[in-house]
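Each of the next two complexes has chain A plus one other chain: chain B in the first, chain C in the second.
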Partner chain A sequence: MDAAAMAILLQQLVNSLAISAIIIMIGIGITLVFGLTGIINFAQGELLMLGGVATWLLVGRAGVNFFAALVAAAVIVGAVGFLLERSIFRFTLRRPMNGFIISLGLSVFLQHFVIRFWNSYQKSIPDPVGGVWQVGSIRIAAVRVMVVAVTAAAVGFTFFAISRSRHGLALRAAVADQDTARLMGIPVARYVTAVFVYGSALAGLGGALMIALFPITPFVGQDVVVGGFAVALIGGLGNVAGAVVAGLILGFADGLSAGYGLPEWTEAYSFALMILILLVRPQGLLGGTEGPAIV
Partner chain B sequence: MSGRVSGRVASAAFLLLLVALPWISPSYRFLSIAISTGTVAITLYGLAVLFGQAGLMSVGHAALMGVGAYSAAILALRLGIGFWGALPCAMLTAALAAGLIGLPSLRVSGHHFVIITYAFCTLLTIVLTNGGDATGGASGLDLDPVGRLFGVNFDSVRNYYLLVLAALLAAMLATDLIARSGYGRTLRAIRENEALARAVGINTALHKLGAFMLSGAFAGLAGVLQAYYLRHISPGLYGGLPSLYIAMSVMLGGARVLYGPLAGAVIVNFLPEVLSIDPVDSRMAYGAGLVLVILLLPGGVIASLADLGAWAAALARRTAGRWTQLAQGR
Partner chain C sequence: MRQAFAAAALAAALSAFGASGGHAEDVIKIGVVAAESGSFVSAGNTIPAAERLATKEINDAGGVKIGGKTYKIQLEVRDDRTSIDTAIAAARELVNDVGVQAIFGTESHDFSIAMTKITGPAKVLQFTGNSTLGQFLTKEAVARGGANHYVFQTEPQEFQRSGSTAKGVLALLTPLMAQPPKHSVVFVANDVAGRYLSSHYVRALEANGQKVDLVYYPPDTQDFTALLTRIKGMKPDIVHFWYNGDETLVAHPQAVQLDVAPAYFLFGVDPGVWRERKLTSGAPLTLSCVPMCWGAPPTKAAAAYFDRYFGMGATKGVQSSVSLLYYDYLHWYVKALEAVGRLDDPDAVVDWLLKSKYQGVVSAAPLVFNDRHQVTFATEVCLVKPNTSGQFKCAVEEPPAAPPPGDPGN
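Right after this comes the complex of A and B.
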């Protein structure tokens, strides 16, 4: 491979990283909520969309600094998640299929709620970081570096919170055996709420990062949610590291197919890959929980 | 017993009303909306067999309608096979496609499988969009009118309405027969306890695929009827969002009662159009309505109405009994 081809490949890989970051962001929310609480929330994509719209309102309409809006989007969507869990999903824990169907209704509701008040057109904000770095022959937009850095920080925090902290231990105990966990004094129901709120906040953060990269519409959730489920199922439910690996695979497949021909089939790869992996390894590439229903 | 008789009378009156509809209110717009509602309702009956009886949910059923519609269009454009020839072929291709989508259900269960059906649906949209000349790409394909058969001109909206109605009644009848038959009992056994069903000798894999293919044939039929009614089809009609609406309508109406799917189609497709409700408002209402129905009336609207009716009848009987006792001076 000559130097020019190498440079193009590296450029594509760098571009793919930012796409991977968004996919990982929604995928981790889904893998945690689905894998640790058993709630299948199809409206996770709409939560991401809400995060994007909130950022657009704050930055575009109110002139708030992007990074303040980023935090605000995570908080706002986390609060929405709290309301949803307490008022709706709490009552579906024993019957996950009902929760799934409710989330379909919710996703339609949220889409049209946003359209109702802020129309269905594309929404975008000016590049919050600006500038392009030249590293050798590769050009890197600073905004993409920011997106990857924020994602890496969120992933790292999530990973250590679950695998190292006291709360993570309690959560894993609750997933492994909720009755025993409850006997040991772990407030299982509260952990379910906490995981749902945390997953929602991650979706809000992902939405803010997404609108920093490209324009979004109220229907963007439908496109990203399947990618998110693909990441969760390919990586293994509840498995943060698996979600990162799966997100990188899908992101690179996306970026490379866009760069090397057949870009119109880009989306098809992730779906085909997901179906294939689910058929061959239903537990996911790295293994995970069975998606238990904690009650 | 009298409840059952009055129920039958009510159904007969309702069906008669459906047949007489073109002569009662001949407005073109009204009949067109009724036609599109009818085609969707046929798909809903297919999904009701799959979900209500076999317990398999699919959020990819619009894709199966798409397979039927595109089969009909391609047959017409490439081989010159018209509506009547395309009908059985499209039902077959849709059933085969459904079998393909159903295959993973033998290996992955519950929610994993539901997500796979959605992925299949999105995949089909991508394939149709990138299909080039064969599928007409993103702009889709055009179809000729249905034409005449036995001297009946199906290009008139009234006759096409009656055709769709006949297909819908056939779908309802088939659904009812399946639910009452031994086959329906087999499917329900699989729904309630798959391991137990297998243990008593039911070939669960065969029956799950069979239910899926049957349901696909319904969707294929609906797809052809819809395609020849619209006379133009494009990938967007058969993507993820239409599939979600189909799943939603079945749940809203109720999958295990005869009039449930029809009620779902009427609530989601017919009423907002006829009443000219703003589509954004009506969709917000349906999203919220679905959440409430599942939380409060998990059997669907129709089953809950039936429960309410039974409760009212019991109350009336009790009250009548009380009065008789009083009258007899006890």
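Right after this comes the complex of A and C.
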């Protein structure tokens, strides 16, 4: 491999990191909600879209600093998640398929809600970081580094909150055996709400990061949600580390197949890989829950 | 007495209803099928907006005078949601239930072709701004009794649009480049329209001395960096982002970040959007519009049109100029109805359209349908002065009369 080809390969690997970051962000929200509460929420992509629109309103219309808007987007979408869980998904926990169908309708509703008030055109914000670093022959956009860094921080926080904290322990106990958890005084229903709100907030954060990278439309959610579910299933439901590994695999598969395979088959390569992994490891790469059937 | 009063009241009500029914007959229903939601919304929204403007102008001017009666235009707009099934259902409803005289739309090539299967048998005229129709508008198909006799293509043949655009792009970019460009990469969505349109544009570039590579991307791509890095490895002089203006505006900044090429061309991105979003590019960059730019209108008539268009509340979008593929033709169609003097003779309307000329906004020369129901006009291309958001130099290159070598012409 000559120097030019090596430079292109390194550039592809760098590019793939940012692709992975967005996939991981949406995937973690889905894996937590699906894996730990059993709610199959296909409107998770629209929650990401809402995060992007909130960021656009705050940065583009109100002149708020991007990083303040980033936090605000997570809080706003978390609050939307709270409302949705309390008003809709709470009543579908015993019938997850109802929740799934409702989420499909909800995704269309949320798209048209945004269109009604802020039209269907692309929305973008100025690059919040700016600048491109040249490292040898590799070009690294500072905004992509920021996206990877924020994702890494969110993943780290989530991982330790679930695997190390008292609340994480209670949550895992609730997933393993709800009746026993209840008898031990764990408020299972509150944990379901908390997980749903946290998953929604992560989607809001993902939306804010996404609009920092690309213009978005009210339909962006439907493009990313399938990748998010793929990450959740490949990694193992409810498994944060699994979602990270799966997101990296899909991100690099996406990037490298676009770079070296038939470009128009890019998505097909990623999903063929997903099918293969799920056939070989039905429980996901790092194992996971099956989600509580009844709360 | 009460019964007599009730009967009189009923008779009066029926009479009033009959009178309003009479008013209902004094309208000409015109259908519009377009994407007011979904991924083609940027172009789709422009079609109803253009026809609302044309309808207002026609109705405000007194309506349509046919056989001693005056009719108002009544627009029936249906959102195809960027879904071919919805477009077909909308066409069926408009033709079979609503009873429209003509349909304008859609913005999507394959949708329009599907709709011709509904409009044709019903003898409903269909005006559609899709150059891909050239494949179907053969002389046999548009002849009386042919499958597409009632279909009119309101956009030039693709080899003409591509030829006009390629000449404009190269003429504007070459003086700003260190060496004359020889190697172009065309970057286009891998869908029906993208494959069709790029096949002609590649030939047009080759006819203008370019070695061309063609790279497809999956539709709805957000992160283009992997494909753009691949293109960078091809060492192009110019990367041409072809056809979907919204996706182009996502991809182009990523290309600049990666320093993919010394110059770029963005098809279907209006200079007005470039200015409003305060975008800049250090590398030489050209933008083109379908067919004239609202951000840099080439004629007074075009400038006045865009003032009226946006004055009606239309959104200033990436592809607002697509409205010009529809606006003129409603005016022209109404003239045909008035000239024929009947609403029930679509064949006579077709004949009149084919032998008439219409001086519209879209072209400095009068519009004429050729014997395959297609029009000819040029495409405007604008150069963005490097590192500015609002300084443009534009060109309107005349389209070629014949297809270049290797281009079958349809």
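To be clear about the criterion, the second predicted complex is superposed on the first by the 293 of 295 C-alpha atoms of A that agree within 3 Å, B and C clash if a C-alpha of one lies under 4 Å from a C-alpha of the other, contacts with A are read in each partner's own complex, and residues count from 1 in each chain.
Keep in mind that, in the parts below, a residue touches a chain if its C-beta (ideal position, glycine included) is under 8 Å from a C-beta of that chain, and two chains touch if they have at least 3 such contacts.
Small disclaimer: the values here were computed from a predicted structure and weren't measured.
> Identify whether chain B and chain C fit side by side or clash on chain A in the overlaid structures.
clash
> Between chain B and chain C, whom does A:Ile40 touch in the aligned arrangement: first, second, both, or neither?
first
> Is A:Glu264 in contact with chain B, with chain C, with both, or with neither (first, second, both, neither)?
The answer is both, since A:Glu264 touches chain B and chain C.
> When the two structures are overlaid on chain A, which partner does A:Pro96 contact: first (chain B), second (chain C), both, or neither?
First partner only.
> Between chain B (first) and chain C (second), which, if any, makes contact with A:Ile275: first, second, both or neither?
Touch partner of A:Ile275: chain B, not chain C.
> Go through the superposed model and pick first if A:Ala18 touches only chain B, second if only chain C, both, or neither.
In the superposition, A:Ala18 touches chain C alone.
> Counting only touches as set out at the top, which of chain B and chain C does A:Ile115 meet: first, second, both, neither?
A:Ile115: touches chain B and chain C.
> Where does A:Leu256 make contact in the superposed view: on chain B (first), on chain C (second), on both, or on neither?
In the superposition, A:Leu256 contacts chain C only.
> So which bit of chain B gets in the way of chain C here: 25-33, 79-87 or 205-213?
25-33
> Which residues form the common part of the chain A surface touched by chain B and by chain C?
In chain A, positions 111-112, 115, 219, 264, 267 sit in both the chain B and chain C interfaces.
> Hey, which residues of chain C end up touching chain A in the complex?
Touching chain A from chain C are residues 36-39, 41-42, 45, 190, 215-218, 220-223, 225-227, 229-230, 232-233, 246, 249-250, 253, 257-259, 277-278, 315, 317-318.
> Contact residues on chain B for chain A in the complex?
Those residues of chain B that touch chain A are 57, 59, 104, 107-108, 110-112, 114-116, 118-120, 122-123, 126-127, 129-130, 240-241, 244-245, 247-248, 251, 280-281, 283-284, 286-291, 294-295, 298.
> Hey, which residues of chain A end up touching chain C in the complex?
Against chain C, chain A makes touches at 4-5, 8, 11-12, 15-16, 18-19, 22, 111-112, 115, 119-122, 124, 126-127, 132, 139, 141, 210, 213-215, 217, 219-220, 223-224, 254-260, 263-264, 266-267.
> Which residues of chain A touch chain B once you look at their complex with the stated criterion?
Touching chain B from chain A are residues 34, 40, 88, 91-92, 95-98, 100-102, 104-113, 115-116, 219, 222, 226, 229-230, 233, 264-265, 267-268, 271-272, 274-275, 278-279, 282, 291.
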